[in-house]
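In structure tokens below, several structures.
What follows is a pair of complexes built around chain A, which joins chain B in one and chain C in the other.
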Partner chain A sequence: MRLTSSILGLLLSLMVGIASAEVVVVVSVQNPVEALSQAELRDIYLGRMNRLPNGSAVTPLDQREGSAAHRTFYREYMAQTPAQIKAHWSRLIFTGRGQPPRSVADDSAMADAVAASPVALGYLDSAYLDSAQVGDRLRVVAID
Partner chain B sequence: MIKPDDRHGHSESDDSAVIRRWLHRLVEPVVLFTVVALLVLGVIWGTTLNLVSMERAAADRTAMALVADTADTYEAQVVRALREIDTTLKLVRYSLDGRPAQEALEELRSRDMLPPELLFTVSVADARGNVIASSPEVDPSERNVAEYDYFQRAHEEEGMVVGLPRRNRGTGEWQLFFSRHAQVQDGGLAIIVAVSVHAGYFVSGYEPEVLGGDGILALLGNDGIFRVKRTGDVLTMGTPVDYAGVVGDGAVGGDATVKVNPWDETRRYTVARGLFEFPLTIVVGLSEEEHLAAAKQSERTYLWYATLASLMLLAVVTLLGRLSWRLQRSQTRIMEERVAHARRVEYLAFHDNLTGLPNRAYFTRLLTQGMQQSRRYGKRLALLFLDLDRFKAINDSLGHDAGDELLQEMGLRLNASVRESDIVARLGGDEFVVLLPEITDASQVTVVADKILAAVSLPFTLVAQEFRVTVSIGIALFPQDGEDEQTLMKHADVAMYHAKELGKNNAQFYSEKLSVDSLERLALESSMRKALENDEFRLFYQSKQDMFTGRVTGMEALLRWQHPDLGLIAPMQFIPLAEENGLIVPIGRWVFNTACRQNVEWQAQGFPPLSIAVNLSARQFLDDHLLQDIKNALNESGMAPELLELEITESMMMPDMPRTVRILKDLKRMGVRIAIDDFGTGYSSLSKLKEFPLDTIKIDGSFIQDLVHSAEDRSLTEAIIELGKSLSLTVVAEGVESIEQADYLRTHSCDQFQGFFINIPMPADEFEASVREQLLRLADDNPSD
Partner chain C sequence: MSGRLVSALVVVSLMLVFSAQVALAQMSDTPNLSINGFGTVGVVHSDEDQADFASNILVPKGAGYTRDWSAEVDSRLGLQLTANLTPRLSSVVQVISEQRYDGTYKPEVEWANVKFDVTPDLSVRVGRMVQSTFMSSEYRKVGYATPWVRPPLEVYRMMPVTNFDGVDVSHRSRFGEFTHTLRGTYGKADARYQGGGTAEARKAMGLSSTLEWGATTLFASYGQYRLTIEELNPFFDYFRLYGPEGEAIADRYDIDDKRFDVISLGARYDPGDWFVMGEWARSDSRSLTGDLRGWHVTSGYRMGAVTPYVTVARASVSSNLSDPGLSVGEWWPPAAELNEVLNHLLETSARQNSLSLGARWDFARNMALTAQYDHIDIDSGSQGILINHQSGFEPGGTVNLFSLALDFVF
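Take a look at the complex of A and B:
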């Protein structure tokens, strides 16, 4: 299972390219983090890591399941299909080993939530970021 | 096998003997190896089978423990999950109070009080089944849930309803539904709160490392319908089963049992345990085959190793067995050989190699025994000493192979001539001895002696030719001829010599007188050796005269021995002895030299050339140096070879014809003359006679003796004369003693005669005088000469 998902992930990332322009990963400007590796991003969002490399805590946030941003993020950054995500969290939750990231309603809610917390990590449509007035409160995190 | 019933009244020693016998058999390599091999095989297979069963048992136990543990964990997890769902239902129900449902849900959601949206959908439906609120949003096709079982049952049941699994019309995903009814709102209609979750959630904890690919993790409703069932990666929802069959009496805390799961006919270690709070049963299973596969694998490995080890063991044991068997065989062979060898050595120590008869050593012992027996029972015993006559002649002329053949045949004939209880032995050389125990009368011995003489007289076939041999037998009787072995044997020996002296081919009993004679003989022998040195031998001469003219044509030199004490000894008394001890050769040499020298001397004194005849004995004839000795005598004396005549007896020539012819030819080549002496007394065939290069034939005196009175002798004599004439030989008659005989011979054309009538043998000087006188007489009669 894990092998299959890794291969799939690699294929997807090869096909699509690492950093797509549609969805960006953001943190609060209060958060010193400027870059993360894709592996780190995955670990955080899959509940395997709850601390950043520098040791500070991190709280990932999800957008609603089914939303475009959610789909795009998981497809391009996480290289996981919705089924895979569900199975992953199913097991973790059922066996009591973790909780999925809290989900927010939309880009706007995400922006507010992330900006408000120095430990939050989120993602939103880059278009929104450009258009909204939140640019000064949020920083885009470079994912490599 | 030992049968106890067969051994009534056995003694202790029988028991221990039996035990020892069995122990002995046990130690035998074959048995030992087999037993050891079986033991080791037993150990190998015992250990292996033990290991195998232990593995099985261990695997079994592991499976049981694993399933039990997993079941415990799963139970806890399921219960927690259900409780969380139930708590959510209650919470939503509570917060609905007096508010629009959607609002309530939104608030709960914003406070993070709802379960993760990823998996759970919380919904509220009105009495008619319309979903009035949900988080997250439900698919439009799911807007009405009136016909769903969880909706309907919620109205009836007090506790949480565990609905049947359903496929979401929108997403296609299988989901499970849990519901409760909320309090009746104003209007009197009930509201139903529900939580749906994707079915896989409840079996997401399936670990392939633990449950394998064919295990089972399932949630079974108490209504006999599986809510969700997972085997490997395969999920099935809604399978109906016979609840009682699956669960059995597995109440709370039931143990794992191995049984066939009816839904997929797989044997599994199964725990089916009903939950306490909820109408659900967890089913956890581990495929027996899958789980035991590893154990079976190592089982097979063990069995394989055991088989290999067994085969190797068998090979080794077989090899060892074969080696030890071969070793044993060769050991046995060596032992047998040793025994046979020891027997052979013993046999050889006591038996003569050639004839198989007892040898001297053994015989002496037998004689002692025989004498002891005779002494005890007062019986008499006879000892017969046998000596083959002229064995040396045969051995020398025909070779040792023929001599051996003769001895072997001799042994056989002797044995055939005596009884079983009589003993025949070979003392060595050509000497045999016969022991006759238990004799009552001397006449019995004579019978045996005659038998032996008769048996020996039959012809022998040696080297493909027929020969006749004779024995001389000397007999001594116990106890009269000796009380001890040495005396007895000595006296038998003396008797045998006496038999030889009496002409051989006869048997003689011992008498006291013989001892004396033999003493004499011994004395004679010892002095004979010195006789040659002391110049005690003399040659006497006997003339041969021409039948018609009466002239002396030659002479025969005859050997005499002038013994200082015994006086003049005749040849017959010492020549046989000389033959036996070989002194005849140097004596013969002396004879040649003396005869030749004497003749030459006489010639120097004016005698006409006269032939001189010398008798050759058998031994001389076969001696290697004969020719050389004669040559030396002729050369040293200067006598012309034609004057020398060698007289050889008929019987001397016959045994080895080719050799005789060779020797005679060699002699003839030297120029000497050959005469055959004592003709008519031997057994020669006339056809063979013409093969020999002869000059003279001498008729034996026995024919001449009775010539006048015996017609037979006359015809024989005439025949011999005729024979001699036809072969162009000079015929000489021996022993002519009367005028009548001389006249007769003359009439029948005999050439020469010799005998007392004319001249007796006389010493040199007398002979010289006699011849001189004759010559004068003849000169007077025939003045022309």
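Take a look at the complex of A and C:
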């Protein structure tokens, strides 16, 4: 009985853990951007927009396909499954209209890549951002 | 196809691709060379054994008469090299292997062009491109990119040739949350068809406009070209032997430098969990082909990895389906025979309704399996969108198809 309840408790905390995994959008502190609308973020990641509303260039970066951050980002911010995103890019790649964002291995690689470039836009797990003390190199972009 | 021009295009494009490879070695932070591919392994069963169902009217073999179950209708493999030589200059070479007019699978160049970005929003391409006649035309061969096993033929049959050689200018503008892409094309295309004849399209120009706003896409296009099918000329020359009346009939129906006008409208709404899209198109010409009409509406609902969908479509002809022909035909048998052939061709033109039910299953990261059932109801007198009609084929009637396709990209 106690075992069952502790397993249940473990499952519950796992589920809560998954549900609360939050992905935030980040830029380098060298980038003046503080907020983007959800529509702007979506159009940047779908390859429709390559400049920010202020006119400066922007290069989106992706996390590895199949990673939790990738899945969460596209579900939460784009309302799309990885398969829908892949079909979208197939339409652009095979008509010579574009290539998908370059992808990086994990949160730490994303933090490094975004911090290094004033035009990069990326996303990572908010827990990583808090734990790895990369806050002085990255700024969270508010999405409204 | 003008072989020399195509080879030159491929050579230039490949040179760019390889010089990009050198550049890639020098500046490793940007991926300058990409190799991508797509393909479909598909089988189709048709219950009509007196004609073939094919996804392209130019090919010789399909499902039904030639084979009960045919793997030749939808299967294909495409490979693409994309090279970004400089931030403004890029090149694409795409080769596709699929059933050709001669029944072989010899790879053909679908895209081979050099693109220059004049500004970030204005680009010019020279070489071989694919026309954007209909909303999904440019990627109609990439099964993974579309919901169906194949785009609805009621619309897409109007343009059996996909690519052209020429120039293409594309301009993108953005106002508020709207993205607008205007594309203008000019060039020529040659298409071989089953039996070895050639259809030549000249002075082909097109203008297409795509407006994207969140989940909504609106599409409109206009195209014009002059088509010649030499093989038909001897038939009309017989009419010309009968003086002014015969000349008039021949001029009305021949396909010798005839102007074709194609208009198409499309819309798509895809908020994520479900989608609906529709297209309407017309192709008008003062020729044997006549004035074609077609539309389809498709809707699907995404349940996790499975997307069931339904498509209703209609193909029709709004021009005359018969002609009085040569008046001497009433008493002169050779003229009567010409009249009969002409009227047979007009009456059997493709007119049909179809209902398609299907489901796509995105079971792996780069792969999807799609099953589709089509019920085609052919108008009386028409031969429908079928090829290889046998003597036992009866116009009108219904055809049922079952298709299974594995689509992949890499």
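Note that in this section the second predicted complex is superposed on the first by the 123 of 144 C-alpha atoms of A that agree within 3 Å, B and C clash if a C-alpha of one lies under 4 Å from a C-alpha of the other, contacts with A are read in each partner's own complex, and residues count from 1 in each chain.
We take it that a contact is a pair of C-beta atoms (placed from the backbone, for glycine too) under 8 Å apart; a residue touches a chain by one contact, two chains touch by 3 or more.
The structure displayed is predicted, hence computed values, not measured ones.
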| item | value |
| --- | --- |
| Partner chain in contact with A:Ala39 - chain B first, chain C second, else both or neither | second |
| Contact breadth on chain A, by residue count: chain C or chain B | C |
| Which superposed partner A:Asn50 touches (first chain B, second chain C, both, neither) | second |
| First (chain B), second (chain C), both or neither touched by A:Ala87 | both |
| Touching partner for A:Ser103 - first (chain B), second (chain C), both, neither | first |
| Touched partner set for A:Glu65, first chain B, second chain C, both or neither | both |
| Touched partner set for A:Thr95, first chain B, second chain C, both or neither | both |
| First (chain B), second (chain C), both or neither touched by A:Gly122 | neither |
| Which superposed partner A:Ala79 touches (first chain B, second chain C, both, neither) | second |
| Residues of chain A that lie at the interface with chain B and also at the interface with chain C | 65-66, 86-87, 90-91, 93-96, 99, 102 |
| Sites on chain A touched by chain C in the complex | 37, 39-40, 42-43, 48-51, 65-66, 79-84, 86-87, 90-91, 93-96, 99, 102 |
| Chain B - residues contacting chain A, complex | 77, 80-81, 112, 116-119, 136, 198, 200-202, 204-205, 233 |
| Complex interface listing, chain C residues touching chain A | 31, 34, 36, 38, 78, 80, 82, 90, 92, 94, 111, 113, 115, 120, 125, 129-130, 138-139, 142, 144-145, 174, 177, 179, 212, 214, 271-273, 302, 305, 362, 365-366, 368, 409 |
| Of chain A, residues touching chain B in the complex | 1, 62, 64-66, 85-87, 89-91, 93-96, 99-100, 102-103 |
